[in-house]
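Below, chain A partners chain B and then partners chain C, in two separate complexes.
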Partner chain A sequence: MSRRLRVILVALLLVIPVVLGGCWSRREIERLAFVQAVAVDKAVEPNKIQLTVELARPSALAATSQGGGSLERAVWQVSATGYNVFDALRNFASQSSRQLFWAHNRLLVFGEDIAREGVEDVLDAFFRDPEMRGSTKVAVCKGDTGANFLQAEVPLERVPSQGVVGIVLNGVEKLSTVVDVDVALFGRALAAEGLEPIAIRAEIIDLVSEDESRGSLERGTISKAPRITGAAVFRGTKLVGWLNKAETRGFNWIKGNTQSSVIVVEKPNERDKFLSVELVRANSKLRTEVVDGKPRVIIQIEAMGNFADRENIFVNPEGIAPSVLSIERQMATVIKNEVEAVIKRAKEFGSDIFGFGEAFHRFHPKAWKQFKEDWNDKGFQELEVKVEVKTMLRRSGLIEL
Partner chain B sequence: MGVIWGNLRTRMEKGLVVSLISRVWRRLRRRKKTPKPQDFAGATLSELFDFIKSQELVPDLKENEDRLKQILGDSSDLTFRHLMFGRELKVPIMVVHVDGMVGSEALMNGLIGPVLEKGLRLPEEKYGDHLNRDELFALIKQQVLLLSSVHEVAELEEVLDYLVRGHAVLLIDGVTKALACEVKGWSERNVEQPTTEVVVRGPQHAFVENRRVNTTLLRRTIASPLLWFEDFKVGAVTNTIVTIAYIKGIVDDGLVEEVRQRIKSIEIDAVFESGYIEELIEDAPYSPFPTILRTERPDKVAAGLLEGRVAIIIDGTPYVLVIPATFATFLTAAEDYYERAFTGSFIRAVRAFAFFLALTLPSTYVAITNFHQELLPTSLTLSIAAQREGVPFVAILEALFLEFSFELLREAGIRLPKAIGPTISIVGALILGEAAVSAGLVSPALVIVVAATAIASFISPIYSMSISVHLLRFPMIILAGTLGLFGVIMGLAAILIHLCAVRSFGVPYLTPLAPMILSEWKDTVVRLPLWQMDTRPKSLVKQEYIRQSPRQRPQPPKQDDN
Partner chain C sequence: MAVLEGGKISGKQFVALTVLTRILAALIEAPTISGTDAGHDVWIAVLISTILVLPWALILVHLAKMFPGKTIIEYSQDILGPWLGRLVGLVLIVYFIQQSAHAARVAADAYVTTIMPETPLIVFIATLTALSANCARCGLEVLARAADIVFPIVIFLLVLILVLPFNIVDFFNLLPIAAYGWGSIVEATFSSFAIFGELLVMTMLFPYLDEKKDTGRLAVTTVLVSGFLFTWLSIMIALVFGPVMESLILPAFSLSRAIELAFVVERVEVIPLVAWTLGAGVKQTVFLWAAMLAIAQLFNLSEMKSLAYPVGALVAAFGVWLFSTVFDALQFFTATEFGPLGILVCYAIPVVLYIGALIRQAVRPSRREEGQM
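Take a look at the complex of A and B:
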């Protein structure tokens, strides 16, 4: 065989596989239905679940840039049922002309019913399928189904789930009364010893108030809006209860997740007058000890804030200016109250959402062996928690304190 | 026989020989004894060469004239001027030149005028009838001609050579020698601004078609006796003069010898452009990348020479070759050195990025929209999906179409007469860009991708490199459309492997990146200030490694306190 022939043959061998494999699993981008959010609920039929997906409509989304079509909804909601998630997913094919594409899914919402019964059976698909993202947020809709929650829209955003995720991020950043939980984090909490998962607490509120004209945006169908505040507490895969705003911030203090927030304290010397401090920075340290065979944790929280707002400044301009020290002391009290409240609540639920158990597992592995059997019911309940808060007031803005 | 074959081998292009071999062979056999006489009917090229070689100058002027006329086919531009030397002596003298190639002023004032004048003033009584013709020849050569360059030639073949290069040839009756007088004077393009390698700051002249002007430009840039030129004649028919230039003492002698050998081994009938030489001496003929730099900027060539490179100047083209050339050479512009170091470094980074972009942007687009929709931010994905909605072609075809139409535009833009050029850009921009999008035939996102790619691909200062990138884009798109990003990476890996394997005159193409020569990074990855570039490239220079004295950083004089 001549050299030239050999070269040609080798070249063919290299090229042919490329062509034969040609376009394997190629999907044109416009043939995909991009899932923006998914709600998991109990189906009407027993033993079945219902998935509701929010699919983006690219053409409607693009229409805004050309002016018209703003009345068109940018998403389409469709439901399918099945014995498990994968079954239901495939059943969408009987309704959707395009293949569902999950990598851009932002939100996974559980209805309260199914969350209370346990989400164990539906989570597998969200972890296993490579198309599913770990960064999808996990929420539970309080008092309603997930499907109904998907109907709620933030008028600022064309895609509802974008609005929900936006609220979560904004809430974490500005209020710290919200938790930011995604599938990866949720799964980690489920898998870990001595750590129970929490999820975003989602609610539906009426958007249309008494004053119809206010905020009317002509997209006539929007009547419900999402509200994100607090957190949903799980024990294992079962929802056991809710945290309110203050408790959630308490949770965030402990976890060191507080980014920025407002701490409202009562004005010293003046009843029913308040001043607020803008939290600038906060961090926390967790120390674990085993004293006489009993677990104990010490939480050290440091918070630093700027003076932001004070009532009655003009009525009584010179009055008694609040002292920095007294404000700092009050801040510390507020923080400490919140932290203690959330721990008390978690103990009631019997769910160690803080991962105290995990800390013991890590730093006192021998002692942990004794606690781990009934940590949530016994060890965690008996856990002594010491909270130390250090606060600092830094600046007062453009005018005096 | 062997002489003939040897002659053939040196003078003829091999391909020509192969195609004509049987016919030539038969004819050569048939007629072994004497070259073919008078009638040239049916003569082959090699027969003619042989005939010319066999002819000699004869004493008789008339016969010489006939012979020249015969060999030049009595071409219409061949001009003979017969003179008589001396009042009484009347020695016949003949001046031959090719009309249009000589300057008539030089011919008149330097050659014909002085000869006639000398003849009239010659004290004939002193010589009488005994004026030796050879003495007259020497007299004219040494004392009469007012020309700077006069060559004595003895062979008819040489006479012909000088003739067709624009010399006037003077023949004296009874002398079997001739004087080739340089009186060149054809019309030519002036030295102008560079057209393909424009700089904002820097010398604004470019090479022209005349080899002599080009060597002059180099001499004027490098006024050193160590700038050496060496001439070669290439092309059996065109007899093109190819000059190599180098700086003795800096250049590696082995490199010069290699260049010499490669040029000498060229056997081709014609050389019209430096591309011919490039293609016949380059190391990687199958590579899509150029391994020899061509430039029309004298400063660039001079800089190359000072780094120990060799330049090849080819008569008839303003593009000079510089060897060896590495990949980094093609991403370097002269201006990098004229503007401040930071600017130069930044521009280089931009160029490297643009090269990568031009190579991968369309294929990455195809791969992502077809295979990896999860890679883009959600809003961008949805935006692309919305644009693709209703587009009738799959993304890979769409990309190929659009890239192809861009190539059409580019080519048409170059070839079209200057007056119609703008029309093409308008038609291209409006019809292809705007109308195709609004008709829903292509998606706007892809138009943006192709446009960005087009701009990026032309950022290489050397057009040859841009073209290579254009070429490689198509297989990359096909790989992307069939295998996704995996295919893109495979393609890039293949290109990288190829780049690592290629050499240019012994220097690996990716020098100084692979093999890594850290000292050369100062002028590759970044462009350090001149006072830090103290050494020449190690990969090129063997002996004169140090370029300048170190520690030349300028700084203000130290203030004395007292």
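Take a look at the complex of A and C:
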């Protein structure tokens, strides 16, 4: 018995320290504030940055889960400034009663001002700190500060950043006119040769909502809501411009990122009448060539769609086969135009967001050494791009074309 | 002379022990070969060093066959004579203690970097060392059985982090081959080769194998299995991280963090943590045991059990003292730091011993014939 006791004691002695090791780094959940989103802006003081975090308020969130429709805001927004991110982060300690916990951060928004000046001083902390996640989305707020963007809410969601991330995912799945960029992808583009980063383009729009007190004479209140369309183009760490919807879809065609989308084309033989095709599948192939020391890119895009809707139901004077052919041709034209538009735009910005340079680096490493130095200003500008589009109309739902 | 280590291990256990010994490096420093800048070409370096290591492993096997039942500590005295041989033994003891301490230290550093930044390093080192000293005290058989249990778990976890990121791989990340020039690949090969040297511990294990005739096959299996896992890990990290790969300090950990499957399988970074805890435990214990055995053999001690705690204490202290910062740890095996020394100890010593043994063998038989007549 005493021997067994001794064995148990020794075993405990060996096991306990293993668990004790964590005690220095323990964190009680009631001492933590969960960061849902962070905005980075220029501070009023020179050379400083302002960080604004959106913190989840557990009490307010708990109220809804129990069914009681709490009207409290589910998040608390607070700002701190510092010379760099880490400095500012620590300064939150003078305002927040709880430690900031970053592992659930979903969104990083830059204000347009700081993005134009460059975000190189800002990004480091988001890669170095093990608490930060690479899956945090990166956005730039067009024409406003990131802090203001965090104020914009989707009425469907309790937590604003959840609304924004939801819109991004929706946009990617249904429209393909937005880009889905997270910290890991952004950093990868910065580290790579011949590839410039791109970010989500975020905007604040006015939203008229019904007033909450019924019977009141007021018609409604205006609140702010987020909108996600297009993309923000960087060159290095500096924001250089924006892509609109069509250009962003052009970008997604090239990268093979299009999931589903709507392609609106003019009706065969009828002006100003439109029909739409639902994109089902698309993929792209990129081929690089060096001809006489000049870079050339051939992009082959294949898109497959279903006929979605049109005006003049049940009336189709042309017959099926010619209509299909003509619609397919128009689809190809739309895609080609979008692709060419975005390439033209990127050339204007002097930023190879497509990674054509990286492709040359991979497949023509020798030639790349000559282009490398001034790729964005010279090689990319002179780059000849050939776009080949193949389209196919597959189905037409429950009724004929 | 008393039997210092009465244990016997099976071939399977031998492979488990030696591969696990190598896996710690795979999980912590090797896939990017920290300190060199081969970037995504590291896998080439790992592959080349695996092939280069094979003949060396066969030399170790052949030495073991020439001196059956003897460890490198014993036959180095047979080959080089008592004084030079003992010097070699001393060097090896220091190397074994260093490796044991290194295992504890890198694992402890990894905990502090990733999940428990406030915890003092010594807590992890002391805890790990207490466990492995206890295990080493129980002898080789206990250690081998522990390795037997741990091995499938670690391999499973490793394969998990190698397979799960399949949805974010980009095969073109491997192009162009030799993006940073062959010079950097040679440099990385050198470091990888130096890290591979830890398989020198096989020379302490060979005498305790129960099936002596399989020795060569087992050594080759170990080299190939660990080389294969390393290469796979390096390739996978390149496929996922591409140009970012170079700046990662804990590539396997970052790889597991990148895993994100359908919003369900994510935040699985505990996987490499578990794996490197187990790997570190086995590696530290193997080298601690080897150091104990080496000391007992070198100084003709009658038993080695009582060495466990003193040598363990030495290992813990060495572990704390080994590096002052993580940057030292990262560059430990590079050509400008301890890489050359590691190669000298792990490769030059066995090769010199082998040449010596061959010369002796060439001279000896004639003498023996004379004696018989």
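Points worth noting:
By our rule, the second predicted complex is superposed on the first by the 356 of 401 C-alpha atoms of A that agree within 3 Å, B and C clash if a C-alpha of one lies under 4 Å from a C-alpha of the other, contacts with A are read in each partner's own complex, and residues count from 1 in each chain.
Going forward, a residue touches a chain if its C-beta (ideal position, glycine included) is under 8 Å from a C-beta of that chain, and two chains touch if they have at least 3 such contacts.
No experiment lies behind these values; they were computed from the predicted model shown.
By the touch criterion stated above, A:K224 is placed in contact with neither chain B nor chain C.
Contacts of A:R106 after superposition on the shared chain: chain B is touched, whereas chain C is not. Looking at the shared chain after the overlay, A:K267 reaches neither chain B nor chain C. Legend: residue contacts after superposition of the two complexes on their common chain; A:H361 is shown touching chain C, with no touch to chain B.
Judged by the touch definition given at the top, the superposed model places A:K137 against neither chain B nor chain C.
In the superposed model, A:S25 makes contact with both chain B and chain C.
In the superposition on chain A, contact is made by A:P58 with chain B only, not with chain C. In the superposition on chain A, A:G187 makes contact with chain C only, while chain B stays out of contact range. Applying the stated touch rule to the two superposed structures, the overlap between the chain B and chain C interfaces on chain A comprises residues 18, 21-25, 103, 133. Chain A contributes residues 18-19, 21-30, 32, 34, 36, 56, 58-59, 61-62, 101, 103-104, 106, 131, 133, 162 to its touches with chain B in the complex. Listed in rising order, the residues of chain B touching chain A in the complex are 369-371, 373-374, 378, 381-391, 394-396, 478-479, 481-484, 487.
For chain A in complex with chain C, the residues that touch the partner chain are 14, 17-18, 20-25, 103, 130, 133-135, 184, 187-188, 191-193, 359, 361-363, 365, 368. Residues 111, 113-120, 123-124, 126-127, 130-131, 134, 172, 175-176, 179, 241-244, 246-247, 257-258, 260, 266-267 of chain C are the ones that touch chain A when the two sit in their complex.
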